[in-house]
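As written, the chain order gives the labels A, B, C and D, with residue 1 at the start of each chain.
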């Protein structure tokens, strides 16, 4: 078990390093650099200014040396310094990570919970009108661009009904603490998490449905019926448990898509997460920050994957850990 | 083949999906011939509501451009992006998956690490960066979408090939002296294709959405009108001119829905086991 | 009406500033927030007349080469240390190294001296007409010497918690969410500021910003924070006041860079054709919702020595076509680079493209983000490119830099990137900056405007106006020609 | 008769959905199950055996429905029961064992828990008592180390152990009726013999009525009190076992019995003077399943110093239990997998030394017939291609190849129309003939047949065996014939090699092996062949 984790972590680190190197070069292919951006924003750009900035950002060094410096930093868990924001990248990401984790985990939970629920129903009533209705319902959210759903949500729930706040992470200046703060954050969280979660719900609904139908055909379900077990028990204990395994693993693999989807959600809802940070960093060519976000996002995906894998392995006795 | 169409036509979702797709494609193909108005031309006063003038049935946008013309030309770009990027993703993913599954061992290991690598980077984020770097254009958009969407194909194909490789008819081909290429092309891939086709139909849908999301972030091709562009452009004025976003939004919704329904139908048609046996 | 004290204002800031140390970073949002924390020696009325801020009074010598400022007494930094002439000297030295615009503005300064703690004397190499126009907070913010002297400015911890003399003090910055400023109780103007706190809310999406205003979450939308298409709707909301004031000092002027160096655009007739081909009234009425003004030439009408007695370019596609034909334009591809500042600019890019296509030009839009666009412009890798620039009140500060041939320098983007070179213009601007008296300057600059408009080195589009939208209960928000960037020290809430 | 029937099926008709091969899966079947007696239902694949069993348990698939008839049990007609009624009876009064021990258990639940579910389903006992009961049941069905096994997961058990666990479950609530649908088909002969004995004993002890479904007449002979023969959903013969075996009335029964291969090997000409077609020297093969970086590798010795040769025109049988390495040897000989050590020589060519193109060029000399007639033909290729692909790849002109395909089809007893059809349009037996035609298309010297008839019904099996025998003599082929069925081996092989755990433990001419087995393992195998005690009907 431990060695399994160690092995995965090691592999993960290698993947991360590869990502660092690839992205390092990728990002630098883009026209423009942070000095150009900042000079532009300052409304002044003489050569001294731009050169000053370049030197400050370490961009005057040859590319391989920059890469070496960066990778050396990453290996020692130092993600570098964002010169634009005048702060260490790790700190900037650290400030935003909780918000993103909250958003993505909630969305992940919503999409899985609803997806499994709907998928189970659809499978139970496969071929009936209910099945079609559920599938279409789930698909509608899937078929609408996330930003569009978000926009509609804001119009409906913030503007028209005034139930939910339309932006941010908490009520600014309210200085709430304890429970009322949690409620406040939850209110801000509902719409972004729903928007993101409902989009992914369709995938899980479909997967759960297919998986349930697949498992239902298996012999051991017949055995369970031959025992005289009630339908509910069969569904829950024999069908659902077996059907969920592939769904959960796939969900882990999909986490990358989920985290990517957060970029848009965070933009529309002004959610102070790292998706936004990434997009801003990209536009501003804040190389270190952008790379840092990529590393962290990828690490998050790897961790999601590892967790779902661990769950899978804990639940499925067929896969054994070496001791 | 006949049987395939039969079962496809038996599933209601498949039929609805097919109708939608055929409609969308014919709009994309023939629409611009019937309505040769450039969607960029400012033809009327801005923010003209729909259904008021028959010349611009769906109203005009913020610059007084014909929303209807935009819808028709947009179909072309949206579908093209969806289809082409899926095609490219298949061209990349299928061979990688097939080789990994067929040759196994080190080849498999190397190719799968490579695939994993692409799956680990959050896909939309990668797409954004790629488009930004290559500078937005229809080519860079298609490339980026394809680049982030091939890994699932490779994985799926690999899985299928892995199981097909041990099939007796494949071994029969080996012992009758067929070459590896021949075996992959003739014996394995045709039998691995049904789930790939299902996946591909969904990928087209996802690609259309991805393109619209990129457009939303201002990373669309500025020389081509697409539904995603229209929604993105209209969203800032949604409060005063709902029609600019709603019509193309509905178009995306319906096409994506249609493609998903086709996927569903294909699934039923290509996996007769599931549909016929009941419980 | 008597100002009332107390209250909190929520304003929108977009995009999130990269820092708040005005001496180190100067982009729009930084100025907007830091204008409350830092102060300059002067501020400027809507008519751009200098007004006291940290300097109580000032005088100019006979030969127009010596400027003496008397500083206000009893001013303290937020940490309690007194503000003195030493701080001014230090600021000048620091800004020369960190603030590109200040460096240019101070180029004419021979020396700066402080005869006593409350007097500063600037001696110029030669007379410089616009000299009194460079002391606003964004152009020359005062920096606390005691916190910066002898430190590494780049990594000084006070960059993240700036200390100024302004009416508000920095309190808190939740990255991605908000910046919080609180009242400076020891502010040197007694009774001010009136507000207790200011929250600058960071909301990245324009649509979300207007929703935030509508739902009452923010009270002030500074110019440019919502898309223009939304302005009329928001203006009609209950208790909403709109003002276009506060941009006089900057006078943003939008134009198209035309690459004079190569291809069809090297021909003056083609450039003139472009002026005729573009429907600028349409752009003003439809894209900018009637805000702003069609530009007549290189100077905005709010700038000194402006004249409209120049060649006029009304919308005239037929004439444009004729000129193109005359110039022998044969459909060569022309690349158009729009500005990646949001929907308004994108729409404008599309409209211009359409206008130019209508007269037979073969236009291809090049998509790129801000960074890519700046790089392309700086590298002269474009044919037509959108831009808008501030003019800073005087043609010597904000106008000449775009047309004189000595300002042609590859890799930079706010100088003469179009590559226009005309010795006559060079001379006129050189003379104009140092000429005295005013009437002489006026004559020189009017002449320059005439020549430029005839030559069309760039295609001037609109004098922009970015309306500030706020609740009517917010009073006295904009009192100077620097607008919101000048801080909220006069603002109060009518509860 | 003796006791009154526990279950009485009367005139049962089960309708198949539209488009099925026949309208009724079961068409007017009547039969009685009596306490303490075993009724064997026999018949070929698709004859409706499973349908009867499932109808009795109320477990028919959704797509089929009972058209008419009744099933009387304890004074009730089961077909009129509602869901709750069924649930109450299932497990408690009626129990069932399924064919596939590998898949009939939930892979995520411990064996003991799955047993305990039996009580839980009917609200009996406390959880603690249930566990205790599960343990004693495990002991009763002879599971080794029951304490450990009740805590194990299905994948940790062998097939026989799983089937025992299934039986324990079925017996938990002492049902009146036990339905066993081919419970031993997936097991080795030796394991099968044990399970049959177990069922027989338990049934005697508890006086259960048993419906035992099988297609294997050997098993019937071992276990049945009463026999029911089904064909196309109809009962064609019914009676006490002895009567049916010794004096079958219906032609179909007679044919079925006749098709059962005898255990007496026919006399065969010695072939000593022939040249060697295949020579296998010292083959070793160990499968190493990589355990990843930190896990130990799993190693299985599938072939250990395997030596044998096959003379021209000879058939060498390779027999042994599941997992003994038979298929591995076949694949090694075919060069489908690489040997760790050893040589395979075909004539004078050393196959193990070749690779790539050279190997491909030699492949035509040794061809293979596969076990599964459904999996061995590419569903997406026409028969003409399936047969002609090999010759075309070997360089034959396509037209000639197709002509040869036509001839071959004729040779294996199919008409030329088959060429243009797809595999799914053929029955299992026909497909196996196509597979044979494919193997012959390359005019090989040697044929390797890995369980080539195991998946076929007895009657079809007999036909295919005859065909192979016939082709072999006509074309002068050598054959490596792999089977787990000693009866089949007896009929077709000149010599037989017995494999156990990767090694050949005994290799002798067939008659000798059957008459005087030397190795203990061989003797065990021979003893376990079902139906040995009964006099095999005359062939």
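Definition applied: contacts are C-beta pairs under 8 Å (C-beta built on N, C-alpha and C of every residue); 3 or more make two chains touch, one makes a residue touch a chain.
Just so it is clear, the model here is predicted, and its values are computed rather than measured.
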Item to complete: Please identify which chain has its centre, taken as the mean of its CA atoms, farthest from the centre of chain C.
Response: D
Response to the item:
Of A-C and B-C, the pair joined by more C-beta contact pairs is A-C
Fill in: Averaged-CA centre spacing for the pair chain C and chain A, given as whole angstrom
39
Worksheet item: What is the distance in Å between the mean C-alpha positions of chain B and chain C?
Response: 45
Fill in: Distance from the mean Cα position of chain D to that of chain C, given in whole angstrom
87
Fill in: Separation of mean Cα positions, chain D and chain A [Å, integer]
50
Worksheet item: Residues of chain A that touch two or more other chains: which are they?
Response: 30-31, 151, 155, 267, 282-283
Worksheet entry | In chain B, residues with contacts to at least two other chains | 132, 135, 235, 238-239, 277-279
Discussion item. Among all residues of chain C, which ones touch two or more of the remaining chains?
Written reply: 207, 368-369, 372
Worksheet entry | Interchain contacts (touch definition) - all pairs | A-B, A-C, A-D, B-C, B-D
Worksheet item: In the complex of these two chains, what residues of chain D are touching chain B?
Response: 61-63, 334, 336, 360-361, 363-364, 366-368, 370-372, 375-381, 386, 389-390, 393-394, 435, 438, 441-442
Discussion item. Help me check something: in the complex, which residues belonging to chain A touch chain C?
Written reply: 30-34, 36-50, 52, 56, 83-87, 92, 95-96, 99, 151, 154-155, 158-159, 162, 165-170, 172-173, 267-273, 276-277, 280, 282-285
Worksheet item: In the complex formed with chain A, which residues of chain B make contact?
Response: 12-13, 113, 116-117, 119-130, 132-135, 205, 209, 212-213, 216-217, 228, 231-232, 235, 238-239, 245, 249, 252-254, 256-257, 260-261, 264, 267, 273-274, 277-279
Fill in: chain D-facing residues of chain B, complex
167-169, 171-179, 182, 186-187, 190-191, 276-279
Worksheet entry | Touching residues on chain C, where the partner in the complex is chain B | 206-207, 210, 227, 229-230, 232-233, 282, 286-287, 338, 340, 342-343, 346-347, 349-351, 353-354, 357, 364-369, 372
